[in-house]
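For reference, the structures are reproduced in the following blocks.
Shared between the two complexes below is chain A, which has chain B as its partner in the first and chain C in the second.
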Partner chain A sequence: MIRRAPRGLAEHAPILFPALMLVVFFVIPFSLMIAVSVFRRVPGGFYEPDLVFANYERFLTAFFGGVMSFSLGLAALVAALSVGIAFPFTYRLVKLSRGAQIRWLVFLLSILSLSEVIIGFAWSTLLSRTAGITNLFVALGLMAEPQSLSPSFGALLAGLVYQAFPYTVLVLYPALARLDPYLEEAARTLGSSPLRAFFTVVVPALRNTIVATTIMVFVFALGSYLLPQLLGRPQHWTLSVLITDQAIYQSNMPFAAAMAVFLVLVSLALVGLALLAGRREETA
Partner chain B sequence: MNETTGKQGLHAALTGGISRRAVMAGAGTLATVAAIGFPNIVRAQSKTLKVGVYGGYFKESFEKHIFPEFSKATGITVEAIAEPTGEAWLVQLEQAARARQAPADVSMMSQVAMLKGASAELWAPFDLSKIPNAAKVVPHLVNKYPDGKVSGIGAVSWYITLVTNTKSYPQAPDSWAALWDPANKDKLGLLALVSNSFLLEVTAATFFGGTKHLDSEQGQLDCFKKLAELKSNVKLWYRDEAQFEASLKSGEIPMGQYYHDVTGLAAADGQPVRSTFPKEGGILDSGSWAVTRASKAGDLAHVFVDYMCQPSIQALLSRKVGTAPTIDRKLTDLTDQEFAAVSSDIAPIIPRYDLYTSKSDWLNQKWTEMIVG
Partner chain C sequence: MSALVLDGLTKRYGPVTAVHGASLRIPHGQFVCLLGPSGCGKTTLLRMIAGLEDPSGGRLVIDGRDITTAPAHTREFGMVFQSLALFPHLTAGENIAYPLRIRGAAKAEQRKRADELLELVRLPGVADRPVSKLSGGQRQRVAIARALALSPKLFLLDEPLSALDAKLREAMQIELKQLQQRLGITTIVVTHDQREAMTMADLVVVMSQGRIHQAAPPMEVYRQPADAFVADFIGMTNLLEGEVTAPGTAAVPGGTLHLPDLPPTGRVLLSVRPEDVIVHPVGTDGPNRLSGTLSFMRDLGASVEFRIDVAGREIVALTRPQDRPPVSPGGALSVEFPPAACVVLPPMAERPQ
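Entry: the complex of A and B
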């Protein structure tokens, strides 16, 4: 292992490929998007190269501010719920026998293979009045008559958390599997209850992993545009839905690009803030 | 019953997404096989025309009843491309044309998309001398550039009507005003975009004496205000047709606006749905054939469009696809009954296409604020 900073081309070589990929698949498309966001919209047509800021001005209104804060709030809630459920789940998972772990992981991977469309339709059927779960409640005598639970905020949240859950588990799994079991055993020997040991030893030991996973799920949920349409009402449409509307249905690429740039900047800023807060705590 | 509805939902989702890929993959394999071993087929391959039609029922009917006959008559193979509804396809065609690609040579385009494409000069002009049958098309269904060149030729007309689930509504509603009826709270499925739902026109025709009311900005605002009153009745603002269609069939969303042709096909399949022409009229929209400027198969496209304008083919479309003819009805051999199945004597609501080009961004913004806010 080289301890000093890499020198010369040969030592830099291993990072050249990922750096190149980052440039090709992130820097170039993002630059193109920034360029398009200042192009001039031709009403009733497409766009022409220019340098105008009308697209950003149009975005800076109370209406889009509201949609933006809803999207961020929703993504944060999805991230908190997913990690909140997945962390204890994964903690239990790594304690199972190897065979059981593999069966669970294969099951979670198979959920990942479902497309967003399938997940959306499945949940809207499950929560529908005509074929949904409330029919079961009626049969069990828990409800008087079947009800429609979708579209609603709850349905949307359920769909998004369902979609994000396998990712969350798979990201948390390696860290939890590697966690030294002696840490917890020491805490138990010193007399703390299992719950206390979990919250005062396991969770703090993995704080960085938890923060990183929360950020990943947050960004993942922020980009969701299909489930809000399938499971939510119009007031639950995220900014990504409106971006899709502008780009795909209104052929207003400049405005869509401006919104997307704004969304990327705000989420980068939030991620930066979260990391900064984490670091400050660490030094304190 | 419960189980079937679930499957239909999934089925609709699956056919929407997969059939197109399957078709394209299949076509790709064929081309490879042909190129390797069969020189004759390679030559035939060069006489292939990629035709874009709306995916789902529409494309299936075209592939089953129309394209094979065309290939038999002309020797031109058709590769059907499933295009998404509305302007999504326009954006894809335009982006592709900038890269000189043609995902489809000739596409069926809605009128708003035709106008937007024309303002970007996306459409290669048609040479009418090569399309003798175009003379039969009703004049207002021939799209023209400002300089008189022909950008598109009427392919089919269709109606958007008031649809209901027959189990939830034993009695068919007779007016668009049913959408505003407080009794229908949380029961409607409506199209999510101002430029494909044409609900401003419906509002103007139902409450303000006609679409002329939309001439002024004040009139447009009146209609937005009136439209906002039906928001609590709407359960689903749909972009994806499959989503509403499945819910309409199951009765989950028992009323709304939908396409007369597809609803008729579903009813013929035994589904509990019906399409009603309200007394204010159905919304009459139409699709035009247009050729992207990036296409290299312009000659074949002319042959195709000419074939599609023939009275016998227009009649076949009405019988098999459920669309209304774009030529004078008297030129076809459609019986009164057959014509009534795809059209109505009630004067239609004609969309104000002019507004969707001149004021598109403003209308879109007001619309989004109305339904999201």
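Entry: the complex of A and C
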């Protein structure tokens, strides 16, 4: 295949439409949001054009700092757990027969197609006192009486990992499927037990893939705003929840916009890091 | 006592039997080639020896110790994979030192051993290079060095040279053989290339459809093939079906042949190498000759190849250019099968399937 940069208007045509859509639906709204973030709020009303940085100054408060560090910590934990579970899972998955792999991938894709609302309500029902899983434990004699497990931090974590897991598997799948299966066998003939071969060869050989996937899942979890409200307590609300709250219920658009700009910048920075990690893997 | 004994080693995958009861004794220091067409079970047999496949039946014994069910990582055999399987995240030196690192050897010792082994495979000075920066031949040497890092009892190679170009492959065959002789290590190589097997092996094990047909030194496999498959797979041959009609006489299509080694009665299969078939101009007379017509002839420089139609069967003969009889395609000639060159094989029906 000839690989050269496209020249002239005709050769650029195929990307004109997506580029236009990106400008209309991302660049313009994002610019508006940046503009609004420096506007001044009118108490009891809406906002009026100005150039103040008061909204950004509010980032320095303890409350905002608490929410921000909770959001980042939660996203990091979800990313670590998702990759920690999905990596060994995908490693086994790529060794199955083609038919079994396809059935698993279709199943995972069907989870991805579920809306966040359905996932949230399903988990809160599953963890509820009246209809939840604890009733099963009671029936089995493992527990004295049914308990409510939601809302709680554990419930929120379970819901977020459940939502991120199929996404993580699908991102890891190509790299693991391409990995030479003889690497692990070679490590075994050289004296590593299967478990040791996994940690000394398979994981390090895919280090950059793992880093890139972790960052992607982190960004994915950072944006969640529905599950924290459905499965968590108010102290478990993330920055995204706070933005919604400020924008819709407090009518403080400028502050919401400032927070949104901040979140987008953090996400973009992390995606950039992920791309950098991915590029290093390709050249290696 | 024999170093490695394979006793009825069998591997089944559901209804498919990949290896049927392979039995073999491999003495210390032998260079063995498992040779056969693709899908004949040679790689499966090697993987069972390495401990990467569990045998469905049979035993594997080394120096009197039964290792049939021992996990691969406890066997301490060195193996070179077809894909080489070099660890992409490590340098050449770290790849070679990997088995030492796993055993907790000190950094300095790892480095010393890696340098020694790189010296051994004639690739000094690349220890710090990432494996992706090495050429095909260099990777080959690193894979060999890594497999030898622990001075294993058994050195296993699965089609190790198949990724190299023809010229490099020839050079590596000779080098591998010399390396094996220097180290005196028992070596088993899987290959589908008979030339490779003939170059390197002390013992050639010819396999097809999961069975061992013959295990013998290369020249014996060529000169005394055990059956029609071996005769046909190793080099070119003429197979003649015949029937013993009288003691020492066999009727074949187009005439009769007088041979000393015939069974007393029944059907036989004769294998005669093209270079042993003698072509005579028509009109001359002698024993063990059949007459035919020349259907095709080509001069290959070092030899001349004749394809002769004898009673509807094609016989291939090779002669030196100076012995070429004066005949042109379509002409009649007679072909002689010297008794010493005719190998009597069991008839086709008795061939194991």
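Throughout what follows, the second predicted complex is superposed on the first by the 235 of 284 C-alpha atoms of A that agree within 3 Å, B and C clash if a C-alpha of one lies under 4 Å from a C-alpha of the other, contacts with A are read in each partner's own complex, and residues count from 1 in each chain.
Please note the rule applied: a contact is a pair of C-beta atoms (placed from the backbone, for glycine too) under 8 Å apart; a residue touches a chain by one contact, two chains touch by 3 or more.
Since we're looking at a predicted model, the values are computed, not measured.
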Under the stated touch criterion, which partner chain does A:103 make contact with: chain B (first), chain C (second), both, or neither? neither
Touch check for A:196: first (chain B), second (chain C), both, or neither? second
After the superposition on A, what does A:207 contact: first (chain B), second (chain C), both or neither? second
Touched partner set for A:135, first chain B, second chain C, both or neither: first
Per residue count on chain A, the busier partner among chain B and chain C is B
Scan A:186 for contacts with chain B and chain C and give back first, second, both or neither. second
Can you tell me which positions in chain A touch chain B when the two form their complex? 41-46, 58, 63, 67, 115, 117-118, 121-122, 124-125, 128-131, 135, 148, 151, 229-230, 234-235, 237, 242, 245, 247-253
Chain C partner, complex, touching residues on chain A are 180, 182-183, 185-194, 196-197, 200-201, 204-205, 207, 284
In their shared complex, chain A is touched by residues of chain B numbered 1-3, 5-6, 9-10, 12-13, 16-17, 86-88, 90-91, 94, 115-116, 119-120, 186, 193, 195-196, 235-237, 239-240, 243, 246-247, 250-252, 356-361, 364-365, 368-369, 371-373
Interface residues, chain C side, partner chain A - complex: 50-52, 71-73, 75-79, 81-83, 85, 87-90, 98-99, 102-103, 130, 132, 146-147, 149-150, 156
